[in-house]
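Which chain is which? They are A, B, C and D, in the order written, and residues in each are numbered from 1.
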Amino acid sequence: MKTAGILNVTGYAGAELARLLHGHPNVRLAAVTGRSAAGKRLPDVFPHLWAIDLPIVETLPDVDVVFSALPHAAAAEHLVPYIEAGTPVVDMSADFRLKRVDEYEAAYKVTHPAAHLLQRAVFGLPELHRDEIAAAKLVAAPGCHSTGVILALAPAFAAGLIEPDVIADTKTGLSGAGRTLGLSVHFSEADENVAPYGLDGHRHLPEMTQELGTLAEAPAPSITFVPHYIPMTRGILSTCYATLRPGVSIDRDGLKRAYRDFYREAPFVHVSDAAPSTKHVAGTNYCVIHPSIDSRTGRVVVASALDNLGKGAAGAAVQCFNVMSGLPETAGLQSLGLFP
Amino acid sequence: MKTAGILNVTGYAGAELARLLHGHPNVRLAAVTGRSAAGKRLPDVFPHLWAIDLPIVETLPDVDVVFSALPHAAAAEHLVPYIEAGTPVVDMSADFRLKRVDEYEAAYKVTHPAAHLLQRAVFGLPELHRDEIAAAKLVAAPGCHSTGVILALAPAFAAGLIEPDVIADTKTGLSGAGRTLGLSVHFSEADENVAPYGLDGHRHLPEMTQELGTLAEAPAPSITFVPHYIPMTRGILSTCYATLRPGVSIDRDGLKRAYRDFYREAPFVHVSDAAPSTKHVAGTNYCVIHPSIDSRTGRVVVASALDNLGKGAAGAAVQCFNVMSGLPETAGLQSLGLFP
Amino acid sequence: MKTAGILNVTGYAGAELARLLHGHPNVRLAAVTGRSAAGKRLPDVFPHLWAIDLPIVETLPDVDVVFSALPHAAAAEHLVPYIEAGTPVVDMSADFRLKRVDEYEAAYKVTHPAAHLLQRAVFGLPELHRDEIAAAKLVAAPGCHSTGVILALAPAFAAGLIEPDVIADTKTGLSGAGRTLGLSVHFSEADENVAPYGLDGHRHLPEMTQELGTLAEAPAPSITFVPHYIPMTRGILSTCYATLRPGVSIDRDGLKRAYRDFYREAPFVHVSDAAPSTKHVAGTNYCVIHPSIDSRTGRVVVASALDNLGKGAAGAAVQCFNVMSGLPETAGLQSLGLFP
Amino acid sequence: MKTAGILNVTGYAGAELARLLHGHPNVRLAAVTGRSAAGKRLPDVFPHLWAIDLPIVETLPDVDVVFSALPHAAAAEHLVPYIEAGTPVVDMSADFRLKRVDEYEAAYKVTHPAAHLLQRAVFGLPELHRDEIAAAKLVAAPGCHSTGVILALAPAFAAGLIEPDVIADTKTGLSGAGRTLGLSVHFSEADENVAPYGLDGHRHLPEMTQELGTLAEAPAPSITFVPHYIPMTRGILSTCYATLRPGVSIDRDGLKRAYRDFYREAPFVHVSDAAPSTKHVAGTNYCVIHPSIDSRTGRVVVASALDNLGKGAAGAAVQCFNVMSGLPETAGLQSLGLFP
């Protein structure tokens, strides 16, 4: 049994992490922090967590593992002492996802508080980096959009099937925007509405390029990524479009086989025969991927569905922790989806 | 470890039961039936149950406990052999809830297929009937509206605080209407809409009257019950209105104390200080109850929130099974709510 | 053609008013104000109003009629000069709804800025006060909950059918909470949720008591009013419960006749044979009312449906303006509902 | 004043058409048909149309214009007599959209009932075919997805800016699936869910190819089109991706100018500076288009928003009728959107 602490439990990803760790057979959630809510108890902020009757404190006691749900920049700043002390850390912010500090600073418009640690961090996608995560002390869980897009395209890039130019069109539930108030997530404005955002470039793009770039042969992937808000709370559907490379001849069944082969060791990826629905994975750490080929144009179309707070955030963090700790990868993550 | 079978797994209550039993530490879900879907596998009908890779069969093999999600009349008909063979049965239909066959037949417009078994059945609300359930072989899980209303009013009736005339106004998510197609649950008609239904009398009313009647002093409760469909999937909020009996003097705190006292042994009832929200109990077996007194009129107002597929159906069935089996009442039911 | 100005167009009621006045055959919307948005153009704040390309200014020029969508207290303060100058005013705040300043000050916790004008104001429900509105220069459009509840109960009180003790349980879409940000209207918290609010007393209650009190014989109505937020944008369904007075003998048809008789001159009230749905009146000034009697308990149950921004706010304001101006009561308000 | 009849008023497009024609200053809606509902009155089927108290009949009397909301194949079959009699016809089905009968028959798996009329029909997009529509007696209103995609890409193809390979990813509200019941539009399954559909080829694709093909230089456009259902009732957002042709040098402002120039005579197209939201056009005939260029990849990204029942169906039909009849193109279509 390991003791765990959560930094900044007061957002949705932090709360989901608390829920998952509470049900984890090998973890005791020992303490949680939260800036504005310090002094309250966790169920005061999140009544659904009534069984986790912890005080929200300002600093963590000694724990076996630190999970951070702090926003970017604040995360790195607060995590440095733990990292330097050798405490295993799983960070859900963007701070340790990118290898190149220039890309981080261009995307986040901030000086990286601990750039010297970037090379030590591992990108927290066990489907691509299981062995490195197992050996790591600092793991950066990916962005929610990134997970959906990278998992949807990784097998095709790895097998050399597709051209570097790809398009990723994602549709996300509004919990992805967090608990911070804003007009775009005000119920009356967001309900019965769909709109693209981030047309000037979304921060998750460099992660996608970095990770798919390690799989693809040169030249590097060139990704057009457009996320959309849709009127629901949880879930991301990522629809990715790519072109087969000249000389590649593959049909839908062959493509599906390539995907199943790529993910044969991945307990949370399900390559499906039917189009995926986000509702089937609500509350879980699963990602359903449906690769297809448009029979008219020959274009590759891959759709993936996941829960942005599950596999897209807190679930991924727990999965990484399991791998880091030598636990079964699925420990504490085996609940089925809540449907309907 | 007990083996369990589910009759008619193909509706929402059946599927939720499968999900709960799959995660139950003392149960092995051995078989499931489903009329129209026989021959398919469970994940073909419900992809979110991919880990329960059972065939849907026509008849159950021998199991230690039978759960029925069959509709009324069909339930009694199919359950008779199990009941007569002494197999423990938990039925989620209305067939064994009412003691008086005339009330059943008036409400359901059908001749009861096994009226001789009514006196043997126990109403499946452990909060009221824990000892009888523990000794029973045939338990009838209550209707979803009934659970919310009975739990909201039981302490007040039991303590002799309120007059028999009460009003119950419930707001239910549309999964309560089941998986059967219909215009009132067609997305474009139900979305962004609220409407009352059952103004000519809803079938759950006799259950409420029966159960509250056993708690109340004479005369019997006279309940006006109006359910409403609201545009969400899971959850029932029941708002109940009652008048204090002449001579009763109690304030909000006193009322709350009476409720907490009544439910002090009930692990799934939470008497709250704040108004309850259905979202806080989504996916759980919990019922949050907030008793209050309107300071202007002196009227008692009690609001309860539960998940209609959880405490309102499948969760209650599992809870009853636990009590019948001498297991901890909370076995397999300890997941926290999925929020947001 | 009359010129109109809107004070504080930047909330939902103000924007809906702009939409309605833009389409009104006898009105030219001349100017709009808005505190924080002054300097912008109306379509910058509300893109759906692209055809109303007015600047948002700080003060209105001379207009034939002033509509105010200012919040309470601010409304009275800003309207005094117009009222004193004799300009016709329709106010959508609570400032001029109540006759008794003590009730206003108790409900709104503020000193009334212009209490001397209260007796000059008329409560803006043409269904009850058509003649007074026609003669008035200052009309106060009712609260959205009040309109639904008063219209649902007025005929029964006026005909002496029911006891003074009544219960009003309303279910409202979240646009009723306005455009001000807050956690209870944050999409991820409000979506898939229902909860009561205002259990300590809602500000619309005194309006209901005042208006129904003028219709009822003594003693005055005693109303328990509990509003609920439900996950949709527009619409209020009000379910009202009352007891027939001793000696009153009436059946459903008789009740319906009494209602139709009461509203025979009311172009926007439809007494329906079926249970009402808010979706059928979305975007309109209509109120559908369905009176019924619970055959088991003899209790009167009346459900009404309206659009909280239509008949519950901006539509009512335009209707009052029409009556004040000697125009056809339905001018500019004849659009059918947007369904589905 | 022209008399109009609607064939098959009982679906959502038919009902929306009735609503629009009822409010049209130059039209008297004389009669409506509906197969299953014949004998009822229109408000019995659609209570929101209470002011259009027409009986639903089996066959139309003589009218000046026939609108058809019949499904494909049935439409052509029923319209032949009107067309041959020279009555102006606006058809909302797919029967007269495609010029090539083989493409129709391949997409709809049915023998075209009146293929000889295809060359006489005009594709009902006034933004592309205003003069032909003005001279036509038979106009085929486009599919809802087609309208969004064609309007989004037409200016770019017409100006020779983009390569023929394009991707169209659309997100549609569920009213687009019609009033026919089905599990994919059952509230509890569709709520809080997003999924792609039509991955094997959607029927609207040939329309897009045909219309964009007439604008583009050779070779013909090659479109990958993937529609998605999202949990809302009205609205389609179409996100289209294209590659600039070699040698084309244009920036965002230049692109926007090209779009504004193309649509300078189009009263219902608004080329916007900001990303479009479907909610801003709910209930209208407007289409908001936002052309952009991804600054990293140089790819053209165009998003368009419309109401699938408005500009995507009934609104377009009325617009075509206006053009055919020499009326102002905007007659009866000037209502502003219903927001929020």
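Here, a residue touches a chain if its C-beta (ideal position, glycine included) is under 8 Å from a C-beta of that chain, and two chains touch if they have at least 3 such contacts.
None of the values given here were measured: they were computed from a predicted structure.
Asks: So which chains count as neighbours of both chain B and chain C?
Replies: A, D
Asks: Quick check: more C-beta contact pairs in A-D or A-C?
Replies: A-D
Asks: As a quick test, compute the distance in whole Å between the mean CA positions of chain A and chain D.
Replies: 38
Asks: Which integer distance in Å separates the CA centroid of chain A from that of chain C?
Replies: Distance between chain centres: 46 Å.
Asks: Specify, in ascending order, the residues of chain B that touch 2 or more different other chains.
Replies: Expected reply: 12, 173, 175, 188, 191-192, 231-234, 277, 279, 282, 340.
Asks: Applying the document's contact rule, which stretches of chain B touch chain A when the two form their complex?
Replies: 12, 15, 19, 22-23, 46-52, 175, 191-192, 233-234, 270, 272, 274, 277, 279-284, 288, 334-340
Asks: Please give the residue numbers of chain B that touch chain C in the complex, ascending.
Replies: Against chain C, the touching part of chain B is residues 165, 167, 169, 171, 173, 188-189, 191-197, 199-201, 205, 222-224, 226, 228, 230-235, 237, 239, 241, 243, 275-279, 282, 290, 292, 294-297, 299, 301, 303, 305, 340.
Asks: Hey, which residues of chain D end up touching chain B in the complex?
Replies: Residues 12, 173-175, 177, 179, 181-183, 185-188, 190-192, 231-233.
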